[in-house]
Structure formats: structure tokens, C-alpha cells
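Presented sequentially are two complexes of chain A, the first with chain B as partner and the second with chain C.
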Partner chain A sequence: MEPLSGIKIGGSSVSLAERVLRGDVRATGRLISLIENAPEEAEQELRALHAYTGNAHVVGITGSPGIGKSTLTDRLAKRWRKEGFQVGIIAVDPNSPFSGGALLGDRVRMQDLATDPGVFIRSMGARGRLGGLARATHNAIRVLDAAGKGVIFVETVGVGQSEVDIVRTADTVVVGLVPGMGDDIQTIKAGILEIADVFAINKADRPDANRLVIELQMALGTSGNADTGASARTEGRWIPPIEQTIASTGEGTGALRKAIADHWEHLQRSGELETRRRARYEAELQSVVEDHWRKRFFEYWQQRGHWEQVVEQLLRKEIDPFTAAQQLLSPFLDSEIGG
Partner chain B sequence: MAERPIRVLIAKPGLDGHDRGAKVLARALRDAGMEVIYTGLRQTPEQIAATATQEDVHVVGLSCLSGAHLELFPRVVQLLKEQQADDIVVLGGGTIPSEDITALKKQGVAEVFTPGTSTQEVVEFVKRTVQL
Partner chain C sequence: MEPLSGIKIGGSSVSLAERVLRGDVRATGRLISLIENAPEEAEQELRALHAYTGNAHVVGITGSPGIGKSTLTDRLAKRWRKEGFQVGIIAVDPNSPFSGGALLGDRVRMQDLATDPGVFIRSMGARGRLGGLARATHNAIRVLDAAGKGVIFVETVGVGQSEVDIVRTADTVVVGLVPGMGDDIQTIKAGILEIADVFAINKADRPDANRLVIELQMALGTSGNADTGASARTEGRWIPPIEQTIASTGEGTGALRKAIADHWEHLQRSGELETRRRARYEAELQSVVEDHWRKRFFEYWQQRGHWEQVVEQLLRKEIDPFTAAQQLLSPFLDSEIGG
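== the complex of A and B ==
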């Protein structure tokens, strides 16, 4: 098997990044694999793409297993396609903690999209990462963004109660719920109210759909009071709309699309988009610096075989962890800053 | 963590509705540590090739019980080639007569597994062929 980086596909020596920008599907798929398998090697390509990102509307689709996330995504993707947008989809599923393998089956619900050249779908194993997304999801979104996808749907693992990553990744978070799944009490427990920008009550032809809507409205403080919503909107606040859908027939997905598009408009108009993105870049910069630092630091000391010695000294109480840390950090501080 | 799981697409071209074998194999490959993309029944070769490229799989496993394998399998191989993805290994499975197997291999299908093959044999073959 050839190495992942520096592959020449079809004899071309153009970089993966350049080919992604040209809309090359093969290169896009390859680069996402590189991000998953060898993130350091992918950095070179991602550097070249950064300037071309930031245009896509990233829409997170989250909710418990079986609520119809993939079917909803399929319907929404088609609606955006009709408006002339190119669409990216990243569907994350869990890997088995035992074998490391994964069965990624979200595409079963998106069969018609497979041959649409305006749609790129990627199934992704979470690879042990908790929080609903994979480590590689963020940079994979960046690749699809640079490739010209106007809207990118990110479907989370769907464990239901720890989908925190999506808030940090998506511009608009759609939380899907289904009547009669015990979701009514669980929503309040799981803190799902806080992460939703839009609610989709899917399988709304089931009994109790209206009850779920009312319970949600009560929890959001917008129950039966049109004024609350109106006054909030004049203040420029966003009140998460609650849309009823039947994804299997497509019913209600037009209204859902509109709610998502409205939120995007709200983000841009209110300036919140820039605020969120600024915070996101700051967090990203911090984590990239930390990763690089950590790596350099540990490589330095492990090469010298010093690490185990210090641990041994700690065990024998010859040194305390704080002094030890200071000593281990000193060569870096001296050479870089102190001169 | 620099894990590089083998990625496999299990696809069912053709019009038959028998996906039991495909699903059993998908699970066996997963249990062997691979990431398996399963796409459901009645896929066209065009859908399969597009999916393989987007998902950047190492291997495509085609299962067909309708008898149309001589048309469908080589078509997938050809489409992958057109998409500059001919490094993706194509495997076939199903009730396929031995003379057809020879013909399929000539047209770029790497191996054909017939009924009675253990999932373990397929797992071993994939691991040997991909060798990350």
C-alpha cells in the first residue's frame, strides 16, 4: 500500500489542496483520509486551504439514535440542492471500543445523493472520541468548505446526551426529537435545550407530537405566548423555532429548511456569526499550539530517557511534581524566550 | 494515535433483494477492526463508484445474486478507473459460476468469493491485499 501523503494520482503532481480547490472528488476524499490518519501530514495541505474557508453554512444534526437524523439530512440536502447550493455531508458513527472497527450505514438513507456531483458525502468513524464527533471532523469540514460546498451538514454520533462537540463546530444546531421516546423528560436532563438553534420534531405523525411541542415551548419559556417570541425578535434575540417533520415523506422539511436558513441570516445580521467564529478560531489556535508544544516537549525528554527517571524520583519523594515540572520546562523557556 | 483502519465499501449492485450475506460480511469486517461503509440494496455501478471515491475506501466488496455480475462488476472497475481510483481493490461475491470468475478476474476484479466461503477467509484476503 502506498503511503498516504505525496501520492500521485493519475500521474499528476499537483498538490491535494490545489485539486480540492478545483473540485476534484478523489483528492477531497484523499485529503479527508489524510486528516483522519496522519493529521500532521495533512497540515501542509490545510495551510493552503485556510484562505478559501469560512463561506459555508455548517449545520449540525443531532439527537438520539433512531430519530431519523440521516433521513432528515437527506431531505434537507435535496432542498438546498434545489436552491442551487453545493452540499457537503459528514456523518459520524461510533467505532467499536473492542475491535476498533465500525459499521457506517448512514448512506443507506441517502442513496439518491450518491451520484449527484454537487453533493459530497463522507462517513466517519468517531475513533474513540466522545462528544459526538471525530477528531478529524473539524478539518474535514474545512476541506469541504474550501471545495465550494455552500452548506455542510454534520450528523453526530447520536448518543443523545453528550453531543457537546457540535456546538463548537456548527453554525446552526438542529436537535431532532421524536414523540413518545421519553424524550420529553430527557431533553431537560440532557441540556439539549441550550444547544438547539432549531428543533425538529420528527415522526410528527405519531401520537403525542403536539404534547412534545407544548412541553418544549414550556421549557423554552415561549409557551402559548406569541408575544414572547415577537418581543425577543425585536430585541434581536433568537428563539429556537420548533418544526414538525415527517422525514420519510418529506413533510415539514420545507419549513425546517426555512428555519435553518433564517437562523443563518440571523447570525450574519446580528454579528453573532463573527463573534462565534472569533471564539472558535481562538480555541483552535490554543489547541493547535498545545498539541505542538506537548509533542515537542515529550519527544525531547523521552529521547533523553529522562522522563522515567523523574517519575522514579517522585515516587521516592526526592522531588515534588511542581519543582520537577519547572525543571523539565526550563530548557524550552531559556532557549526560546530568555535567550 | 496513528491508527489507519482499513476502509471497505460493501455494496449491492443489481436488483435482487438478498443482503443477508453482505450484512454478515460487513459485520465480520467490522469485528476485524475495519471501517465498513454499507449502502443498502439496488445500487447502480455509478452510485458505487462515486461512493467509493468520496469515502476513499481501500476495498469495494460487491455482492450480487441476480446473475448480472458479468455486466455490473466490470462496470464498477471501469468507472473507478475513469475516476483515477483504480488503486481501489474490487472484490466480488455471490452465486457465480467458475467460468465467469475467470472472466471477471480478467476484467480487473481481484477475487471472487462464492457461497461457502468463510467470512474469515475474506477478512484474511482483505488484510493481505491492503497491507497498510
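== the complex of A and C ==
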């Protein structure tokens, strides 16, 4: 990898981005903190990293609390490590006000993983700022990608819409379920079925594991226009495999690792990887454009003291919000654009 | 109420807005459907209604599934009806693909409520389109407000961030809890504590009701800087009352109704009603401005075929998203604005 042009190497004049590219762990952590706390400052570094991204396999891991996501992630991470890959783990918890630590508050990561220099673990949380959290997570993935992680796990707590939005930006989405949690039907209802590329039935030594597998197979069968798995595979479509695991002992995680690798191969062979990444870039571009514009717009009107004035007019019913919006937008849509 | 200027009365030339103001139930339903399915068409009608809004007391009711929210809402609705108020009920379920019906799919409203012409009941659901759902709910509230409903209940299913965002636009937020559901601590963690104006401990005949009350009191006490309720009241601050109810029999719903009325009085007396409504108008204005701008921006670039082009460049790493955003925004930020 060539050094970035125009950047002096040596001492403190080396940019964070350059240090990330060289595999500097502390710089990687600092850049992710910058992304969280001063996104505008981070932008310059992210610009420099963009050309070095797009190589990592991003694996999302989601499911209800208590299904053993972190143990599952840790087991998978160790498998990738054994094959020589560098690994990134981002644990996202929108309900947690904590962020930036290497460990989630409620449990300690496997010690051997946490001390392995080939593994970068990071938790991200931000109660209330969900849009911002999705963007921050996305940019953190970009940093780990540029830092040379071959696989990046994004683990989300819960199955709410916001978590789904975060995890669906992954290349491969693993949905974890546990037999007898009573959330089978609810989980399927919550739209989890559509985003899953691989199912992991964890704690598969519990009584109802087989019933859950059958329920899932039925749900998948009917949702796929009554196609059989065989004919779908002939057409090159992906039928989410259902793997049974016991993360606490590691049982079944080899097969799960293989299912995830198979999906990665499928994505590349079928051209779907490019389709997914195009959609992801499009969503990101849209979000960056809107953030930048929003900032300029509000600065413009707040400097003129006009924003508060319009809100007062709304409150006094002197204007309606649609007419007000039209007026405020007019300087930002000149006649050429407005058509 | 004066008829809107410039609108012919009689036959089909009367606008939907005008018919809503006259209390036409079918027109009210049609306008809400328009809000959901063709928001731009609805805008014209909403403009006309704005001056007639701001009179209703909007009561949000939230809590985990299974705590009896709909029964609680129905009991409260009947109490307001008895006092002569017109009542609106909007039941929001972001996970449901169904919308527009007068009943939620999974249970039938009390028959006497559903057939009472003084009560307008509506369910709204829209899996995946959460931003749009919040806005649609807000506009539906506006329609019922203009239609003369004195109280409007907004019932949300679940306690996810999206539901919290919807319910927090209410004047008074009632958080329902049930003893022994095991979600006590989780609910408090999920930020429910901060948004509650009134707590309803429903199914209060269950064993652990008193413990839940004590837990809540402790959480409220410590969260308020160790102030006692008495000193807080002296300062005019609101301490969320905790009411015990059994919605299935109606027990305790009179006290709950009083607590909600007390909060409404507090909002008006303390000036907080205006503060909340100002914040709500501000958020709405922001969202309308952004929607309108977004539409123009994407039309502009898509007409020129340039949007797809930039996404391809991102995919090929020829440009980074921040530089791309800057380029796309430049026609929308002329030199005068850009400063």
C-alpha cells in the first residue's frame, strides 16, 4: 500500500488516516472516537481512507437480548483469526449512553480475544441519537476496513427498527434465535426474516430447537413463492441456511462459519455484493448530503434570527408549516433549480 | 367557527378541510388516508386546517405489549366522553403493515366506543417507514384537533425508540407498566422514565404491584436530584404521579383520568404547554423543510442522470462521499448563502 500523497511521514505530522493505514491500533481507536465526538473533524481523515476500503467482509449479528450474541461473535472471531484474518468487532447498543470503551458494560469479552493484537473490539452506544449512531457505525466500519481487517463483525443489541437499519448495511446478516424464548413468531413479524442471510439457532441443546428449525423452514418456504430450495439454488438465489450452535462450548460454530463464508462467496459470484454496496454508498451519500445541507440551512436562518420568528408565527397560527417551509427554502432553491 | 374564505359551500366543491371542520366523520377518515397515501395532496388541506388546531389535549399512551394499553385507552376515552368531550384515538403500530382501518388487527375495540359517533378511532401502521409514520401521526392528530376532538389519545405499541419519538410529541405521556412482567428495570433503562408524565400500574391486583410502585418512586426520587416531592411541587415542578389501575374492571381509571387532567392544568399554568408546543412546531417545521428540499434536490440530479454516476464513482473509489456531497450541493448553496 502506498503512503498517501502530500503527507509527511515521521513524528506528529503524520495524519491519523496514515497511521490507521499502517495498522496503528491507537490511531484507529482515536479516529473512531473522533467520528463519534467530532464528526466534522473526522471527515478529512475519512476522505483519505476511502480509496483503501471495500475489502473487508462485514458480518452483522443481531437477535433479541439473551440469545448469546457476544459469545457467538467471539467464537466466530476466533475462527477467522485461526485462518490468519485480522478481525474487527463493533458492538452497537443504542440504549447505552456509554461508548468508546473496548468492552461492553454488562459482560467481559473472552480474555484471549481482548488481548489479541489482531483483534480490534469497540462498543458504540448513543441513546437517542440513532441516525447519528448508524452513520458513526458505518464510518467506524470504514476505518477498520482501511486498517486491514479482513472480517468486521457488527453486533447489535435488540431487534428494533433502528438496530435493523444498522445491521442491514452488513454484507452478511446473521440472525440469532434461541429455542423457547417465545419470540419466534414475533421475531419473524419484526421483519427479521427478510434481512437474515444466515440463521443461528443458539443454545441448540434446549428442548425446542428442532421445532424452531421447522418453523423457520416453513416461514422461509412460504415466503419464497413456494419455491423449493433446490430450484432456488439452481437459479443462483440464496436460501438462508439454518445452523444450530452452542456458543458456550463452540459446538456448531464451525458450520456457522462455513455458512457465512458460503454467503460471502455467493455475494461475489452472483454480483449481489456490488448491488448491496451500491445501495449502501447511495444511502451514505444521501445522508452526507443532507447533513451538510441541513447545517448550512439552519446556520443561515439562525444568524438572521428568522428561524425562531417563524416558529413563533406557527405557534400564533399566523402561518402554517407548509407555507413557512416554502418561504424558508426560497433562497436555497433559485429559479434555475426550482424550475 | 367561520367557514374558510374562498371555499364554495355546497355539493362536491366543498374541500375536505372544510368538511372536517364541520365534523364530517367520513371526510376526516379520508383526509387521514390521504395523509398516509398521498402526503403532498394532503398538504393543501392541512394548510387550511392549521389555524383551527391547538385546542385538543393530546395524550400519549405507551408501554410494552400486553400491559393492556388499548383497554386502558378505551376506559379513559369513555370517561372523557361522559364529561361531554369529543374523543380521538390513534393506535400506532410501526410493525404492522396494516393501516387505515378503524380497528387494530389483533383485537376489537369496546363495541360501545366503536359505535359512538363522538369517538373517532384509527389505527396507523407502516412497517419500515418510521420517519414517515411519525409525521403521518402528527398530521392525523392535527386533523382530529381541527375536527373538534377535545382529547386525542395516541397509543403506541412497544417501547422502541421510534415509538418513543412518536409518543413524546403528546402533551401528556402516560407510561403503562404491569407488575411481574420483568421489564421494570429494562423499561426504565429504555428512557421511558424521562418521558413519563403519569405512570399507570395496570393489572394492579397482581402480587408485585406495590414493589413496582416503590421501585418507580425510588427511581423518580433519585433522578430528581434527591429533591422530595413536596419541595418540587413548591417550585412548580411536576412529579409524575403513579396510579394503580385494573383496566379490565375500570378500577383506578378515575384517579388516572384525574392525574392526566392535573398534568394538563399544570402544563397550562406553568407555561410548559407553550414550551412543548413550540418545540413540536420547530421539529415539524424542520421535517417539512427537509422533505421539500430533499425532493427538489434528488429530482434535480436524477433528471440530469448525475446521481447514479456519482454512486458509480464511489463504488470505483474514484471519489469519496464527502467530496461527492460537496460537489452535488454546490448548485444549492450559491455564493451568497455559502459565505
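Assume the second predicted complex is superposed on the first by the 268 of 339 C-alpha atoms of A that agree within 3 Å, B and C clash if a C-alpha of one lies under 4 Å from a C-alpha of the other, contacts with A are read in each partner's own complex, and residues count from 1 in each chain.
What we mean here is this: a contact is a pair of C-beta atoms (placed from the backbone, for glycine too) under 8 Å apart; a residue touches a chain by one contact, two chains touch by 3 or more.
Bear in mind the structure is a predicted one, so any value in this text is a computation, not a measurement.
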### Query
Just chain B (first), just chain C (second), both, or neither: which does A:237 touch?
neither
### Query
Thinking of the overlay built on chain A, is A:122 touched by chain B (first), by chain C (second), by both, or by neither?
first
### Query
So, A:293: does it touch chain B (first), chain C (second), both, or neither?
second
### Query
Does chain B (first) or chain C (second) touch A:32, or do both, or does neither?
first
### Query
Is A:22 in contact with chain B, with chain C, with both, or with neither (first, second, both, neither)?
neither
### Query
If you stack the two complexes on chain A, which partner ends up touching A:269: first (chain B), second (chain C), both, or neither?
neither
### Task
Between chain B and chain C, point out the one touching more chain A residues.
C
### Residues on chain A lying within both footprints (that of chain B and that of chain C)
95, 127-128
### Query
Can you list the residues on chain B that touch chain A in the complex?
1-5, 7, 26-27, 29-40, 43-44, 46-47, 50-51, 53-56, 58, 83-85, 87, 130-132
### chain A to chain B touching residues, read off their complex
1-2, 4, 9-10, 25-26, 28-30, 32-33, 37-38, 95-96, 99-105, 107-108, 111, 114-115, 120-123, 125, 127-128
### Message
Going by the contact rule set out above, which residues of chain C touch chain A in the complex?
### Response
43, 46-47, 50-51, 53-54, 94-95, 127-128, 130, 160-162, 189-191, 274, 277-278, 281-282, 284-285, 288-290, 292-294, 296-297, 300, 310-312, 314-315, 317, 319-326, 328-329, 331-334, 336-338
